[in-house]
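Below: a set of structures, written as structure tokens.
Two complexes come next, and they have one chain in common, chain A, joined by chain B in the first and chain C in the second.
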Partner chain A sequence: MISACSLIVMMVILFLLLTLMPGSPFNDAKLDAAQKAVIAAKYGLDKPVLIRLWLYMKNVIKGDFGVSYVLSRDYPVSELLTSRIGVSVGIGFCSLLLGTVVGIALGLMASVWEGRLPDHLAMGISVLGLAAPAYVFAVLFCYYLGFKWRMFPLIYDLRAPLTSATLPILASSVMIIAVISRFTRDETLRVMQSDYVLFARCQGMDKKTLIFGYVLRNALLPVVTVMGSLVVSLLTGTLVIEDMFAVPGIGSFMGEAILENDYNVVLALSFVYAMIYIVVMLGVDIIYGILDPRIRIAGKAE
Partner chain B sequence: MKKKMFSIMTVFALMMSFLSGCVPSIPSTDPEREIDFYVNLPPTNLDPQKQFYANNVRIQGMFLEGLMTRDDKGNPICGIAKSYEVSEDGLIYTFHLREDACWDDGTAVEADDFVFAFQRLVDPENASDASIMLTDYAKVVGAEDIFYDGASVDSLGARAVDDRTLEVRLENPCPFFIDLLTAPAMTPCNRRYYYSHEDRYFANGDNILSCGPFTIDYYEPRGKQIHLRKNEYYYDADKVELAGVNLQLLADQQQLIMSFQKGDAECIPISGEQQEVSEGDKRLNEVSGAMVWYVKPNFNNKALANRNIRRALSMCVNREMLRKNILRAGNSVMTRMIPEQICFEPDGTDFGGETDRYKEVCGYDPEKAREYWEKGLEEIGESGAEFEFLTTSDSNVFMDILKEEWEKALPGFKLKYRVVQPNVYYEELFAGNFDLSLDGWGADYGDPASYLNLFVTGVKWGCPGFSSQVYDKIIEDANNVPLVLDPVKRFQKLHEAEDYLMEESVIIPIYCQGNACLLSDAVTGISFLPLCPEISFKNANYKKQVTK
Partner chain C sequence: MGYEPKAEDFRFIERNGEDNKDSGSYGETLYWRSVYKKFVSKKINVAALVTLLLLVILAIIGPWLSGYKFNAQQLEYPNLTPRVPVIEKLGIFDGKSVLNKTTGREVSNPYIEQGIAQYHIFGTDALGRDVFCRCFRGLRISLFVAVVSTLVNVLIGLIYGMISGYFGGAVDMCMQRVVDIWGSIPQMVVLTLLVLILKPGILTLIVAFMLTGWIGMSQIARAEVLRMRESEFVLASRTLGAGSFFILFRNILPNITGPVITQIMVTIPSAIFMESTLSVMGLGISSGEVSLGLMIQGGLLNFFLHPHRLVPPVAIMVLTMVCCNRLGDALRTAMDPGEVI
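The block that comes next holds the complex of A and B.
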């Protein structure tokens, strides 16, 4: 309920902000004022802002995001977006998954061998990943994996979506690996200090069962929290990666739409971004419940 | 632990299937006969009768074909038309279509498909800017009344005599009408197909019908990739060797170069700073273009109305140095108005072939320029002149060099930029609110008139304030009976017009914009032309080789 409300509020604010933007979608040098007026009337842009807002919201609830004004005149926005969202979400989701799995593994490795070589190694990777922007890694991967060793295409090719998605996924997962591994290490070390771990060890529980069965579960809670914000930076970060690999996704599309005042596309894309964020937040809450039953039970008791 | 590994594998398998499930993909053709051709120019609309825009025309030219097409030199030859006749007065054209001309769904191309295409072109409801081809360039009977006054499209002077015979009637003889028919806007449009796909016609890869050598099987509006597939029903299909062409429309330059060197791409565009990489590479392919860039003076300015001053401005531009250091590959120096390879005279000579024809008035000679300058200033009774240069950006290396050259060679010369937003640039230009500007014009058809008509009194693309009865008379003669029916004499007249423009230094031509690309040795037979079809894969051949 709260998510739905925040979505609507977001759309209203954005709609009003967009109308304040200078220029109009139709500023072709060849059009005179009369022609512009005819076009504006055709798309209902001559009506007062509030009426336009009302009509737009009504249509959105019905699932109609209007048509594109500039990028592809008269083409329904929803159709323009569906094919692009798939690619972007696919790549984002995969890099999140890859980043989380590798990140947790690295973090665990570092905490188990704390202060020794694996720890330094893992934390070295993490520092590098945080310090350098994704673009740098993209270039590195391109040069070695793509160019030198000829393993993957350098430019996204729809004829081979899987192999060509590999480099973008790798490049955008670096940052996730860096963040997750650091959090996992620190949290695991913190949990390892707690009394119940000491007690379990005194009882003679072997390290493997202890870590995977007891420590990890508690250590992962903060990690999951971080993941929510990671998704956001992943969404905004895709623009660079998508441009570089020519991925036909929504990242670069958003930029084009804003530059050319294609209101409907900007609104629909923001809607999509907000949706993704809300869904991820929901996912985070659910994972909380699984990891720590106390949260679930406490919620019910109220 | 085994179980954990298994679950991780499952997650990855899920991830992969998720990725492949929600991503559109292109069915690949025979990879041995498919090339990867990268053009960094995304089209805005592929419907040929809708929008007249260079990027669109370039892509359309790759797969569509109309009544006429061009040979590898650029001369118009028969395409879908098998032959044609022109009446003695040059007003009635009768085209006989090939019996074996077919759409890519196997149905025959009929004369009515052309009638419908021409009607769409001038239909005010369609509001196509390509309508100018039938209303202005060639005046087809009725076209003007339909487009401007809303007469019925049925009154257009194009008619299907029978399924295979098309008759087009013109109001005035048009010496380049045949050349005009090579344009994508003149390609046929199937009435039945159009009405069953009306609001989706040519909007994406599923709604494209072609009768040219290729058809499109993947295209998304504003996408980054287009896939061409050989049209098996094309009348000359036996000669088309390629099974498909993958067009990449937008990519990072660095990625392009690596892809080319690795062998993923057979052709990549080369521009700007990347040119050093390709310098001296024998795979570098330079293609001359049709877009001439020139400095346009405003004749309402007292100083610029003086011929000597204009000539001085022209003679102190070191065009060769600009080309070599700034413009680089693909672009060529212009010291005249008509570029090479645009138009051939009846005896086969290239109209613009003699590139140094106007050396005397456009050649680089700062000392002579200074003489002209001083003479000109004396004539108008000034000791110096200050000009305002209309531009859309204040940081342009090209312009800075031009400015420096002028200021260095001409004492008392001052230039300041007036920077305006791109969307008001043309308003200002047409209103004449400038002294100097850099303007470009590309021919829409292969005839010198496409350029020379600009400077007739009253044309808004011309120089503000420039009006010459002599020039108007020359052009009027060249565009009307009897000269339009006598090509040899007409070309003489057109040469006369260009002579006048250059002798009077009406404009200051700088360069002709072309294209440069790196083209793999494995591909042969792609034809590159300055006019549409700029790129044709019809006779292309691909020998895939293992790169070392």
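The block that comes next holds the complex of A and C.
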């Protein structure tokens, strides 16, 4: 309910912001005032702002985001997007998966060998991953994996998505690895100090069963909660990363659309971003409920 | 017949008198002393603090130290590699540049060949501008944007969150719905649009960060106030006739300094990050001024040809980020009253 509300409010705010924006999609110096008026009338830009807002919102509910003004003229935005969302979501999901798995492994490693070499190594990676922006890693991977050793193509290729998506996925997963490994380590260490772990160890339970059967599940709870903010940073990162690797996804598209004043594309993409964000937040809540039985029971009791 | 108290039985306690020795601000100093002890107990925290201070000092005097102007172009000396006065005798940083061509490696030293007597510790960029000077000028601008926007953010978030948490009920309900809605709009979208609508520049960046960054602080402030609202000292204060705003700002606020300072230390690096991302996208500081993000963008464009141009700004940024993150963590643990040393 709140999500739907915030989506609508967001669209209204963005629509107003965009109409207030200086410049228009049609700022070709060759057009005179009369020609501009014709174009404005064709796209309905001559009507008052509020009426346009009303018409736009009515169309959005039907799934029609209008047509693109600049990037590919008169082509419906929704069709432009559907072909691109898949690519971006695929890369985003892969880097999230890779980052989470590697991050949890690193974090566990660090907490098991606390204060020794694996710990320092993992935390070193984590500190670096948090300190440098994703595009720096992107350039490094480009230079070594792509340029010097020629292992992966430098530019995304739709015909070979598996090999050519490797570099963008690697580059954007570094930050996730950093955050997740850090959280996993701290939480595992915290859980290890609790009474029930002490009890289990007193009973002679071996370390493997203890960690994988008892500690990990409790340690992962807070890790799930950072997932939401991670996805947001991932979205931010893709704006630059997709541009660098020429990935035909929504991140690079957003950049182009903003620079070209393509209102409808920007609006639709913001809508998509907000949707992704809200869905992820909802997903985090659900996963949290699955991992923590206390929340489920409390929910049922009410 | 009981004892009748007389005026002589009572006397005022002097503020700094003997009678007052054990009360007053004793507890407070104890807390800050323990914070200090916990902070200093790890050498790495002190190292991070010192490094950060050094970076800030360099950001202030670095451009002046270099002896060059940050936007003075020397078109005859483009893309020079680093050359450092004393170390050059060791054979490194002597201005040698290696060019990988299809016909093989080509080593040359433009400093010697063109007879350049100048030293450029970090080299020069495509227009012959000194990278050392530009880097620290950039750090200055980046830090300025980050610090100012963070302070404003924290102020807004603090007041918003405290009011929302303290008054509760319908006020809280309304204020939290606003936060929910504003928070569900991706920050990056708002940032890019704001930067587009306003003219790109330092002030725009600050305003943009200001509008998007206060939510985190407001949530923390609200949670802290909710925790303290029912405590005895607030009740005592209210019994003595204190008004709501007096309680909020004179009684509760001093007690949440810890989380506030931690939040400041966490927000500054994220603002530096955001600034650089916007600059790399071409939406940050306009040309004529320089920021770390802008320097990195310039380095990215020429990375394969002149890798030495990317290293200094990235190194400075990473160093700043590492120090800020470390300090944030250190303060969080040091100011947590639950952890006793």
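The rule is short, and it goes like this: the second predicted complex is superposed on the first by the 302 of 302 C-alpha atoms of A that agree within 3 Å, B and C clash if a C-alpha of one lies under 4 Å from a C-alpha of the other, contacts with A are read in each partner's own complex, and residues count from 1 in each chain.
The rule is simple: a residue touches a chain if its C-beta (ideal position, glycine included) is under 8 Å from a C-beta of that chain, and two chains touch if they have at least 3 such contacts.
Since the structure is predicted, the reported quantities are computational estimates derived from the model, not experimental observations.
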So, after the overlay on chain A, do chain B and chain C clash or fit? They fit
State whether A:L81 touches chain B only (first), chain C only (second), both chains, or neither.
neither
Give one of first, second, both or neither to describe whether A:L97 is in contact with chain B, with chain C, with both, or with none.
first
Rounded in steps of 10, the angle in degrees at the Cα centre of chain A between chain B and chain C is 100
Which holds for A:M10: it touches chain B only (first), chain C only (second), both, or neither?
second
First (chain B), second (chain C), both or neither touched by A:T236
second
Have a look at where A:F147 lands relative to chain B and chain C in the superposition and call it first, second, both or neither.
both
Pick one for A:A131: touches chain B only (first), chain C only (second), both, or neither.
second
If you've got the overlay open, could you tell me the nearest Cα approach between chain B and chain C in whole angstrom?
5
Residue overlap on chain A between the chain B contact set and the chain C contact set?
139, 142-143, 147, 243-244
Within the complex, chain B is touched by chain A residues 23, 27, 29-30, 68, 71-75, 80, 83, 85-87, 89-91, 93-94, 97-98, 101, 139, 142-143, 146-147, 150, 153-159, 161-162, 165, 243-248, 253, 256
Which residues of chain B touch chain A in their complex?
8, 11-12, 15-16, 18-20, 22-28, 38, 44-45, 129, 199, 203, 218, 220-225, 227, 246, 248, 250-252, 254-256, 258-259, 261-262, 264-265, 423, 425-427
In the complex formed with chain C, which residues of chain A make contact?
2-3, 5-7, 9-10, 13-14, 17-18, 20-22, 127-128, 130-133, 135-136, 139, 142-143, 147, 232, 235-237, 239-240, 243-244, 254-255, 258-259, 266, 269-270, 273-274, 277-278, 281
Applying the document's contact rule, which stretches of chain C touch chain A when the two form their complex?
177, 180-181, 184-189, 192-194, 196-197, 273-274, 276-277, 280-283, 296, 300, 303-304, 307, 310, 314, 317-319, 321-322, 325-326
